[in-house]
Amino acid sequence: MPSAAANLARLTHAPGVVLIYESGTIGAKPDVLPLSIGDGELAEHADTVVSIPEIFRYWLQGGRVDVGFLGAAQVDRFGNINTTVIGDYAHPKVRLPGAGGAPEIASNAKQTWIIIKQTKRSFVPKLDFMTSVGHLEGGDSRARSGARGAGPTAVITDLGVLTPDPVTRELTLTAIHPGITVEQAKAATGWELKVAPTLAATAPPTAAELATLRELHARTARAHGTPGATE
Amino acid sequence: MPSAAANLARLTHAPGVVLIYESGTIGAKPDVLPLSIGDGELAEHADTVVSIPEIFRYWLQGGRVDVGFLGAAQVDRFGNINTTVIGDYAHPKVRLPGAGGAPEIASNAKQTWIIIKQTKRSFVPKLDFMTSVGHLEGGDSRARSGARGAGPTAVITDLGVLTPDPVTRELTLTAIHPGITVEQAKAATGWELKVAPTLAATAPPTAAELATLRELHARTARAHGTPGATE
Amino acid sequence: MTAKIMPLAEAVARHVKDGQTVALEGFTHLIPFAAGHEVIRQARKDLTLVRMTPDIIYDQMIGMGCARALVFSWGGNPGVGSIHRFRDAIENGWPKPLAIQEHSHADMAGRYQAGASGLPFSVLRGYVGSDLPKHNPNIRSIECPFTGERLAATPAINPDVTVIHAQKADRKGNVLIHGIVGIQKEAVLAARAAIVTVEEIVDDLAAPMNACLIPHWVLSAVCHVPMGAHPSYAHGYYGRDNAFCKAWDGISKERETFLAWMQKHVMGTKDHAEFLRSAGIAMETARA
Amino acid sequence: MTAKIMPLAEAVARHVKDGQTVALEGFTHLIPFAAGHEVIRQARKDLTLVRMTPDIIYDQMIGMGCARALVFSWGGNPGVGSIHRFRDAIENGWPKPLAIQEHSHADMAGRYQAGASGLPFSVLRGYVGSDLPKHNPNIRSIECPFTGERLAATPAINPDVTVIHAQKADRKGNVLIHGIVGIQKEAVLAARAAIVTVEEIVDDLAAPMNACLIPHWVLSAVCHVPMGAHPSYAHGYYGRDNAFCKAWDGISKERETFLAWMQKHVMGTKDHAEFLRSAGIAMETARA
């Protein structure tokens, strides 16, 4: 999903965007969406392909990533995320894939965007495990923690967009997708969801954007029989 | 001089020797002697050329160098060397080039060979500055210091070859070049030189070795008007 | 070490022993599947397996009981979902309990780098706010002697054996990798012994001057295994077999279907070429 | 930062200021001589100069009074001998005192790497027994939290400006280096601003997939300066001018001859092309 979003941006309004995948591809320009973050498609047209230590040390930790995209199994009201386990760590109910690149993307990118399906199971009052830092306990706790960057500046769900309150850093519903109600968003949230006094409606995709996205998915399906996914 | 020696070995009895220069060339096979350790000639026929951080971290500090060649302005009886200053560090009489790669070659190569002209000025009872470790204060002091490798196993001069005593680690004249006397060697040493009870005569170069070396120098002179030197 | 070009079965027999710490590396690209299968065939056990991204090959090794511990940073079937044998081992201890030591990618990369660099530990600006350090005693902290900042510190990884797959070797055993080079060079240089399987053995690597080349004298064995990375891919040789990766989800979901598949195609075959035929993987279909 | 292709004089005027920490890097190969001359022409002063191997270009900058401090690991004219202006500054304080901070190569490489990696310090297995730490308060020690070993620790280098020379850039300002790549990528990525001079600007870099490529968006300025590394060399373009390097020994031995040469050829010319003509360096003689 982040890969589709970033490539759509590259193919529409942001042709100069530089896509960096943690597999080491810098300036990737995939013609079809990769099934994984290490597909050959990403290397093929990249500006350069560097080693894994280099991508994490010089490029991410070096502070050169403007926006980090993150997914999650669980997110809390401060945008902290869990991708490790559901249940107890030692005796998990569900063992999830784990951290991957997320903890350092979360604490070293200049800002992060979280893309996640909004449900009571994913929007939880308390994470089962804190894999990667968001706004920690809110307020200035993130800044004091040693994390760099602004943290999650947007959580984009299938229902709307949440952004952190400027002071408390609590995620607040600030935009809602056409056809979705505030009640639906509240019902899909495991805590008492804050809603902005003036709630924006997210702009629907333009015809050009939709066409570009559909072509991208069609090319991808032809190439490997799938609309494309990521780690 | 080390470069000429190593390349002579490669061109005669040790065709499989892997020459590594600190400029990042691994498996260099120069056709002419380089004027510096970073000449293009070294890169041209190398197995691979890596970055400076890689050569020092993965290859030297990683423990993959069997023999390190070192030069020096001063050496003491334990094979410690000075390439930094003559006189006081803050107000030097002669400012020398400095450490370069030597401190870590001296402490990370499996053994080192020092090549130096033997005079009272270079073979000193006390270094003006200790740049790179040899056998430290002798005995097991090197092993206790945290240095890895065997340290200097040979000091090769224009008069003969010195090797460390197995117990005290003091450099001992164990071989002498044809036509040189022990008295000459003693006179060229700033401390009371230990001499092995049975002193070997270094084997003169074979005709094939001499011819190879002369061809190498002739090719070098044609290429850049010099017999070749190193850092 | 002098590189020896030899059959994969011989390389595994000679260099991989029960109880060792073994890393099979390759980041999505060039995953050494054939070598993993050979470790399973030779029934190695009590291994501490190390890998940034345990995916299908580690699912197979764990499910077949080769491992007692796993050091990793992300375990899944990329683009597909969970790896079920890995989950079953952690959630239910089947076929045996699996001790885990869990890190982030950036940290694993640093740990291998420290190992390759002859350093005892690695320093990372990471794990801020994360619960991982609470569950992994190998994630400690260290203070910068200049700024006083506290950073994460973790121990070097120095596997007993590292196994990787690459595109080409020359007849001396020098190995060339291109495309997504991942952590392979570091994993090899950190190890006490290293085995490389390659698609091709050629007279001349024709390597660009600054290519990712691993010289023969740091390798223990080089083995010619075409399609040795299947179902992952080898840039310039064949693409990823996405259909297989998806099919694996179904094969591996239940213990019985998993065991039956492994018995038939891995245990029941003598080498990788026979495995490919048995599993119905056409050499040519995957050619890029 | 967006790369801007611009004249070298403009790049130096815009990005190099008095009192800054400035690194000109290039390990024997690709030394940015033309850029160093431009810094001298624009009479920058009080610079803290950083460079692993201060050689002729730093001899010139020091002798012309640009520097108040030098951070380095080896200072000499490779294959020739001393650099006299550097020695005169240290031994006699001419033209002004030069504070020095002295390291080893391995350490300087690590310090740049830490700078590029966003880490405050670097860890090195080095300086065992050496007197260098006694004279450099920036060489401290740190204890491994796992083994208890003590290792050297030094602070990251993050220059205000790094200047390098490379073979090629494309029209966007992406830069390709090949051959002995040295510490250039790290020096650029560690810096707040970076200037690259290149032999050629081309439509297509035709870079191998894993080449040493520095993308335009980490650079501040890219300047087309043919022969910009002379008397060092640019692999694939021209060889090292060994005759010049030897001649420099004579030119620089005495203050008067040094100043006269610099006045005539550097201060008395408006750019590198004019410098090459003035100093009698034929563009074609050096072509490889």
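Each chain carries a letter (A, B, C and D) given by its place in the written order, and its residues are counted from 1.
Here is the rule we use: a contact is a pair of C-beta atoms (placed from the backbone, for glycine too) under 8 Å apart; a residue touches a chain by one contact, two chains touch by 3 or more.
Just so you know, these numbers come straight off a predicted model, no measurement behind them.
Student: Expressed in steps between touching chains, what is the minimal separation of subunit A and subunit B?
Tutor: 2
Student: Chains shared as neighbours by subunit B and subunit C?
Tutor: Looking at subunit C and subunit B together, the chains touching each of them are D.
Student: With centres defined by CA atoms only, which chain is the most remote from subunit A?
Tutor: So the farthest one, by centre of C-alpha atoms, is B.
Student: Just give me the whole-number Å value for how far the CA centre of subunit A lies from that of subunit D.
Tutor: Result: the chain centres lie 40 Å from each other.
Student: Using mean C-alpha positions as chain centres, tell me how far subunit A is from subunit C in Å, no decimals.
Tutor: Their C-alpha centroids are separated by 27 Å.
Student: Touching two or more other chains, which residues of subunit A qualify?
Tutor: Only 43, 49-50, 57, 61, 108 qualify.
Student: Mind pulling the subunit D residues that touch 2 or more other chains?
Tutor: In subunit D, 113, 118-119, 125, 149, 179, 181, 185-186, 209-212 touch at least two other chains.
Student: Taking all chains into account, which pairs touch?
Tutor: Those chain pairs which touch are A-C, A-D, B-C, B-D, C-D.
Student: What does subunit B use to touch subunit D in their complex?
Tutor: On the subunit B side, the touching residues are 22-25, 34-40, 42-43, 49-53, 56-57, 60-61, 80, 84, 89-95, 97-104, 106-108, 129-133, 136, 142, 145-148, 224-226, 228-231.
Student: Which positions of subunit D touch subunit B when the two form their complex?
Tutor: It comes out as residues 27-29, 52-53, 72-76, 78-80, 82, 86-87, 90-91, 102-107, 109-110, 112-113, 124-132, 135, 149-150, 179-183, 185-186, 212, 233, 235, 239-240, 242-243, 245-246, 288.
Student: Show which residues of subunit B lie in contact with subunit C when the two form their complex.
Tutor: My answer: residues 18, 26-27, 43, 46-50, 57-58, 61-64, 108.
Student: In the complex of these two chains, what residues of subunit D are touching subunit A?
Tutor: Per the touch definition, subunit D meets subunit A at residues 113, 116-119, 174, 185-186, 189, 207, 209-211, 213, 215, 217-218.
Student: For a test of understanding, state which residues of subunit D touch subunit C in their complex under the given definition.
Tutor: Subunit D reaches subunit C through residues 118-121, 123, 125, 138, 140-142, 144-147, 149, 151, 153, 155, 178-179, 181, 208-212.
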